[in-house]
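Okay, structure first, notes after.
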Amino acid sequence: MLFHVRMDVSLPHDLDPNRRAELVQAERDRTLELQKMGVWQHLWRVVGLHSNISIFDVPSNDELHAFLSSLPLWEFMQVQVTPLATHPSDLAAQP
Amino acid sequence: MLFHVRMDVSLPHDLDPNRRAELVQAERDRTLELQKMGVWQHLWRVVGLHSNISIFDVPSNDELHAFLSSLPLWEFMQVQVTPLATHPSDLAAQP
Amino acid sequence: MLFHVRMDVSLPHDLDPNRRAELVQAERDRTLELQKMGVWQHLWRVVGLHSNISIFDVPSNDELHAFLSSLPLWEFMQVQVTPLATHPSDLAAQP
Amino acid sequence: MLFHVRMDVSLPHDLDPNRRAELVQAERDRTLELQKMGVWQHLWRVVGLHSNISIFDVPSNDELHAFLSSLPLWEFMQVQVTPLATHPSDLAAQP
Amino acid sequence: MLFHVRMDVSLPHDLDPNRRAELVQAERDRTLELQKMGVWQHLWRVVGLHSNISIFDVPSNDELHAFLSSLPLWEFMQVQVTPLATHPSDLAAQP
Amino acid sequence: MLFHVRMDVSLPHDLDPNRRAELVQAERDRTLELQKMGVWQHLWRVVGLHSNISIFDVPSNDELHAFLSSLPLWEFMQVQVTPLATHPSDLAAQP
Amino acid sequence: MLFHVRMDVSLPHDLDPNRRAELVQAERDRTLELQKMGVWQHLWRVVGLHSNISIFDVPSNDELHAFLSSLPLWEFMQVQVTPLATHPSDLAAQP
Amino acid sequence: MLFHVRMDVSLPHDLDPNRRAELVQAERDRTLELQKMGVWQHLWRVVGLHSNISIFDVPSNDELHAFLSSLPLWEFMQVQVTPLATHPSDLAAQP
Amino acid sequence: MLFHVRMDVSLPHDLDPNRRAELVQAERDRTLELQKMGVWQHLWRVVGLHSNISIFDVPSNDELHAFLSSLPLWEFMQVQVTPLATHPSDLAAQP
Amino acid sequence: MLFHVRMDVSLPHDLDPNRRAELVQAERDRTLELQKMGVWQHLWRVVGLHSNISIFDVPSNDELHAFLSSLPLWEFMQVQVTPLATHPSDLAAQP
């Protein structure tokens, strides 16, 4: 089941530089891990912003929340979740 | 070059039913055609809305505009275009 | 899997009165049917508005879209869909 | 009398960790208490956010305000209150 | 129980003048009737707009919805309902 | 001359507790004083929020500004002022 | 007593051309009349828009509403009213 | 003196096709004319929309309003005007 | 050439009191100076807010930017600039 | 390929003055460098704001993101990117 997720990251300018570096590295590790698991199907940078647009494939809402709230930068993000369905004109879905 | 496009369709309730049917069919045909060309890479329905979220892969801004404005329902849509870049944590982009 | 749905209905004032009456009756019938099926779990009126707030329980995003777009008043509604997860402090979810 | 309440929590990143832990635990205790009293009828997590959507059943506006402002995290929340009425197509309200 | 209600009226310019006159007269009659019943406690014009700000005193949400949706201009209004509680610094509420 | 005023209070979480207590007490005193003077005619709590909706009766805009800016919490408030006029359907204004 | 008023005019494209011409002429006449009376102190065009920004000087809110709602184009306008007070750094208000 | 102007065009779907064609042609002619005069310095299409972003160079606000309101599609546009100044880091403005 | 400027001031609550007092005094001095120069033609307080609405008369956009950015409180303001033109119904502009 | 970029800069008032001066100087240097490279084609100040409106000419979205995120003030900016296409009425694009 697919979900469209947009994450806008906003790190406070007075965050301790070491904590920042740790958070960013941990975020990167977790992001790669979720992609390897097949949960995080697409990940794109929004041009000019510290933001991404992503597609998640998960079996349920509960699991999607668990994955998103496990992100190390979660408390510094604005997150928007949009549930997706099959489009009747999607070429891949034609009989 | 990838672009994220959201289209929200709003057909006037007093549109002639025949014109409506023709427009919807033409939109569907053009949508399939652009997918077959490899331009329209992903097409998802937004749950509960007459809207889609799409990913286009085009060589330039001019071509993206030409494709979008060629859609039969274009004048009945609100369109939002967001340019995308490679994300440094995209698994597919790792060396 | 639960979803929170808000529907704001806006019928054009120049809609033919017979068509309006038919649509409203058909909407009511479909609403009761989806509740009997167990899909539409809660349905509340927003005070002062031609709007409702609802909770749907569906097995997938695709089915939620199919149910919502089957509503006779669907083309006259603004629909907002919010996926819900189990809250860790929900009394019913305590071990 | 039913009210729809959405709470969006935003804890400052520089909050003392001990105070944060105490607040979160106190919030959890109060949340369970209000559910046991029958006042807080439903409590759902909004997927991807530190937010909930809830249904309260209270005898008056004054009591709803007293309950909401008694929450330990109240000063860190954005709260939206929407009064609900019986919907004429609610299956449970049919004669 | 008090509720703050704002009503913004927007009559279509192509409404039949007779129907408009009837609606406006019926609205005025109903407005006076609800004031005489003690339900509609205050009614003020917002300067420069076809809008009012009102205070309703009703025993329940259901009755508030019934009163508001009984207004002849209801389908031409945007309505915002805000539940009110006693303010601890209200002079009239001091012991 | 009547004005509708909404005040949304937002106290910084790191405000010194003593200063906070003093400010809140001073605000309460000033609020009661303006009510006794007949200037602040109505004062209601918005349910669930640290906000009020009020009606002021003042001889001029200048005096309204002087009263509002004299509030001890003024610098921590968002204030919205809406001028009110007599409504032609106000029961108290009928000849 | 001064008020800042912004008026954004939006005439329907299918308005009868004769009625439009009459309305625009009547608006112009009334605008000049209110200026001659000293009520409408300043009138500026917002560059690029069918909008104006104005300063009214009136003895009360009721009279301001009466003047604004007497404008022939009133029902085709969005109106925003902002009450003004003397600024402590206004050169003309220095002792 | 430079101004940034964004124009979002919205033609009603029930506009007579001949009138539409005439308006679009007249708009195009006027657009080219203003460019030849040196007033309209840059004109870009916003990708995916019936909108443009433009730079005007005019001697005064009055002339900018005269040029914009002379456009045949002016009444079908939303227009946003932003005054521009020399940027201190503009390479062309370095001494 | 006239411009409408709205300034909304927001001073951080933890600003050093001496710096605050100096800034406010310097702002007042500069405000009076620009009025004496004839650049700042009107200055009004927005009732209830730490905001003003002003009319500037300047020969060019560059000079307007220079004046506004010279204000001691400039970095603590939200500024909105709206270019104004002569209104065809302005009494003072009639032939 | 052209992109319209708006940057709104917001420097925290408690930023260390030396760091601020260094950042502003580095920003200026990088801005001039990108202009000399031909990437940053136009740079205008928005009157009254610490903002600019710019036109970038880049071969791809990835390069645009690389340039924007290389700006020393990038983390203190709100950035909006709008892809531009050739306008059919652009004088320079006429055959």
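By letter and in written order, the chains are A, B, C, D, E, F, G, H, I and J; residue numbering begins at 1 in each of them.
Rule of thumb we're sticking to: a residue touches a chain if its C-beta (ideal position, glycine included) is under 8 Å from a C-beta of that chain, and two chains touch if they have at least 3 such contacts.
These are the chains along with the protein names UniProt gives them: A, B, C, D, E, F, G, H, I, J = Muconolactone Delta-isomerase.
In this text, all values refer to a predicted model and were calculated from it rather than measured experimentally.
Least step count on the touch graph, chain A to chain D: 1. Distance from the chain C centre to the chain D centre is 22 Å, each centre being the mean of its Cα atoms. Here the CA centre of chain C is 39 Å from the CA centre of chain F.
Taking each chain's centre as the mean of its C-alpha atoms, chain C lies 44 Å from chain G. For chain F, residues that reach two or more other chains under the stated contact definition are 2-3, 14, 45, 47, 61, 64-65, 81, 83-86.
Under the contact rule stated at the top, the pairs of chains that touch are A-B, A-C, A-D, A-J, B-C, B-H, B-J, C-D, C-E, D-E, D-F, E-F, E-G, F-G, F-I, G-H, G-I, H-I, H-J, I-J. Contacts from chain I toward chain F in the complex involve residues 11, 13-14, 45, 47-50. Those residues of chain J lying in contact with chain B across their complex are 1-3, 60-62, 64-65, 81, 83-86.
Residues 2, 4, 27-28, 31-32, 35-36, 42-47, 52-53, 55, 82-91, 94 of chain G are the ones that touch chain I when the two sit in their complex. In the complex of the two chains, the chain E residues touching chain C come out as 3, 5, 12, 14-15, 61, 64-65, 68-69, 75-76, 79-81.
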